[in-house]
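In the two complexes that follow, chain A is the common piece, with chain B as its partner first and chain C second.
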Partner chain A sequence: MASPSRLSRSIRPQFRSSLLRPISSRQSRLYHSYEYAQPPPFSPAESAILSSAIAHVPDHGFSSSALSLGARDAGYLDASTNLFSRGAFDLINYHLVSQRISLKDAVQFPGEAEQGPGKLGIGSKVRALTLARLRANRPIIHRWQEALAIMAQPSYVPPSLAELARLADEIWFLAGDVSVDTSWYTKRASLSAIYSATEIFMTQDTSKDFTDTEKFLDARLEDSIKLGGFLGACSEWIDYTGHSVVNVLRSKGMRV
Partner chain B sequence: MNVQTPKLLFRRQLLHNAGRGMVREQSRCFSCSSRHAQQPTNPPKPSQDAPRLTHFGFETVAEAIKEQKVRGVFSSVASSYDTMNDLMSVGIHRLWKDYFVRNLNPGQNPLKSSSSSEQGWNILDIAGGTGDIAFRMLDHASTINNDPYTKVTVADINPDMLAEGKRRSLVTPYARSPRLNFVEANAEKLDMIPDSSIDLYTVAFGIRNFTHKDVALREAYRVLKPGGVFACLEFSKVNNTLFNEVYKRWSFGAIPLIGQLVAGDRDSYQYLVESIERFPSQTEFRDMIQDAGFLVPGQGWEDLTGGIAAIHKGVKPLEPKITKEFIN
Partner chain C sequence: MYDQEASHFSTFNALLAKHRIRPTAMYPVWKVAATALGWGTALLGREAAMACTEAVETEIGGHYNEQVRVLLDWAEKLEARGQDVGEGTELGDLLRTLRRIRDEELEHLDHAVENDAKAAEPYELLTNVIRGGCRGAIWISERV
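Take a look at the complex of A and B:
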């Protein structure tokens, strides 16, 4: 039996190389799969340094000194911060990504199993998730304006916006939204706008336990519902009037 | 001028003597390929005693000879090194080097460091004979990070380049301080540097000339502390096709000519452009760095000026990865 042995020999190098380079060969999927766990977004060394650096952010801000202090805590050298080519932005990005990923564990909707779905509407789920995400900024909120300034630098705007879009998508997904029409886009776009506006409001909020931020968020969500209702009514009116006009013209014998 | 003339004469003589025993270098620029076609070509003679071959520009030479030939090239260009670099790169090489150093951000503020046991970075600058990178590193550490402890060891295989660097260091504040020292060393055998002793290993426009790049990378891995950084500034491949055409015209047409006119040495600069052409692409070199055991940040490199040069970095991990030998 020559062929099986040849087959196994030809497979082995591939297998071996996949063992050797787990990082380069790890696959990232463009879709969400319940079957496969998503690969971790940061390599072990990166997350070791970044997670210890986040602890220094309240004192040192999103800065290279927080990064090097984190590197030292993780047992690395100051020089090891060269692992992060974008410096402070990599630290901000770590905060954004890690908070987005931990959102699904941070918010549970109790009682859904007993009382059936629909007990808590999608709208209130979105509100709860958005609030939970905003609350995750609490320890570093006094440094968040610096972070927003860094994110607004021209070269960092595209990755920041992409991360905002991923957050809005994550919130709608966790809220159980299954729309497949154009509202898929408008929902995410409006939530992104609301979230970023509320986040900026929160950086200047001095109220106890950020109650003003909560009110602000509720007002914006209300606005979006009103606006959505208004737009829906508008389109309905246009649709009705258009059909009526066509029918009137047809009744006059016009070939439309 | 009076000082230059005997030096120039001496250098030519040296080159002449050095060139006698070897296969004559041929210019193979694109712009003069027709002229080249008319000349009788003499193929590189295979030498019986040294069967292991490597490339020297577009030529194939025995490995033992390459080191000697590279030494010859840099001995002959040492004094006109800066003028030539300025002319060839239109001054951009200074911007690349400045960016390279600023990006690495060497030095640590002694007030911010928590443990007083270790102060400053220990930097090893390989193939840094003229001190270009070393002085910038020390300047950055002292003025930006207020760090008076960071020290740089400049290693070069070529004593002429080191002499040039020592001469230049006299006008810097680091001339007789313990922060700067010069070592004549081959990057593939850094026996004088102990294991895990270096924070930052830099090589700017040097690794291209190494006979065994993989051996040099492994040696870099050995001398670096865990968490230490390997950083390499080197010519690379231009991404844009149109720009590549212009760039190739310039490098094969103009650079050897400038070399001939300014430094009186066409062959050395012909070697320079050929060695740039032979150097692996960004992805290949990134893979070589990974194979040596380093972690690479992000995609592994950063292009400068459309890919004419690129900065490659690698970080030595705290726990070594499982190597090929181990699995086999």
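Take a look at the complex of A and C:
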């Protein structure tokens, strides 16, 4: 089976199916299968109503009126919005999930064979993917501050953070990251922090074409690279000093 | 033996990355523990190092066997539904890889026993502690 790095990103099917173990009480870990499709995150009715409701968000914000208008457009009764027990948050969640899922189609990197001397590193791919996801917020950015306020409500904080984590995981995966040690966690944590800071910045960015947001993102990414470099240098220094101490002690005759 | 183990490590890391599975958060702890175990038993002597190998390979052999059992169960269910689980399918490849790696680990086990693993001094204590530690590590990694 071809490894993912050789599959063109634009045609790779992204499906997930959960690994369910009926043995003892082991937890299940999600396993991304290339052969089996995951059921879509929203049922057909939900999908229809929410996708039409999103079109009303620029005018009505993330609110139940946008949901009712969407239900009407999709040909459902206004009362169908009772399908969404979390109200406006369900609309926000739909926006987050649908934008995350369309990220793989929104950004296509040239396959390895087509890349010339200017080969894209993982860092620049992460930057491109993050910018693409931020740009997807443009139609509704003037409504995003109220969406963030809704997401900050205590009962909606866990699902919002979970979506942020899934977004960071998606971006790193699409950028081609294959590390599976502790850096798996630190990379996703730092990208989540950078992304949410940049998103908040973007809600009050008035520059043309959001160039200020791009600069902000670049500054944050540079910060994280500098921090990584500093930590790497620190650990190298500790390593070197530790070895030197051991060697000096041995040269003095101590059995270490 | 070292080369085979290194290739096992990179095979599983590649599988983790390819299938987007969350790696265990205990990775740095296991790294330190494994280094300490290796150095500790090496300092105790050649037989102790072999006994450690024997203990670890026994546990890992059992672990792989259980995984192969579960996957075979799934393969049976899929075949009953009419789906293909032979060469080239995800499940088929996974089964083949696991069986190959399990066989290599059991070879290491035999190699260790042939090289006087049983002659290690606190044999029972050493192997029981190491086997218990491995089982605990596997149990924790499945959950954390």
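Keep this in mind: the second predicted complex is superposed on the first by the 218 of 256 C-alpha atoms of A that agree within 3 Å, B and C clash if a C-alpha of one lies under 4 Å from a C-alpha of the other, contacts with A are read in each partner's own complex, and residues count from 1 in each chain.
As a convention for this text, contacts are C-beta pairs under 8 Å (C-beta built on N, C-alpha and C of every residue); 3 or more make two chains touch, one makes a residue touch a chain.
In this text, all values refer to a predicted model and were calculated from it rather than measured experimentally.
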{"item": "First, second, both or neither for A:S196, with chain B first and chain C second", "value": "neither"}
{"item": "Which superposed partner A:S51 touches (first chain B, second chain C, both, neither)", "value": "neither"}
{"item": "Partner chain in contact with A:S85 - chain B first, chain C second, else both or neither", "value": "first"}
{"item": "Touched partner set for A:S33, first chain B, second chain C, both or neither", "value": "second"}
{"item": "Touching partner for A:S98 - first (chain B), second (chain C), both, neither", "value": "neither"}
{"item": "Intersection of chain A interface sets (partners chain B, chain C)", "value": "16, 21"}
{"item": "Chain A contact footprint on chain B (complex, rising order)", "value": "103-106, 108, 112, 114, 121, 199-200, 225-229, 231, 290, 295, 297-298, 302, 313, 315, 317-318, 322, 324, 327"}
{"item": "In the complex, chain A residues that touch chain C", "value": "1, 3-4, 16, 21, 23, 26-27, 29-35, 169, 173, 177-182, 184-185"}
{"item": "Chain C - residues contacting chain A, complex", "value": "13-14, 16-23, 25, 27-28, 70, 88-90, 93, 142-143"}
{"item": "Chain B contact footprint on chain A (complex, rising order)", "value": "16, 19-21, 24, 43, 45, 64-65, 68-69, 71-72, 75-85"}
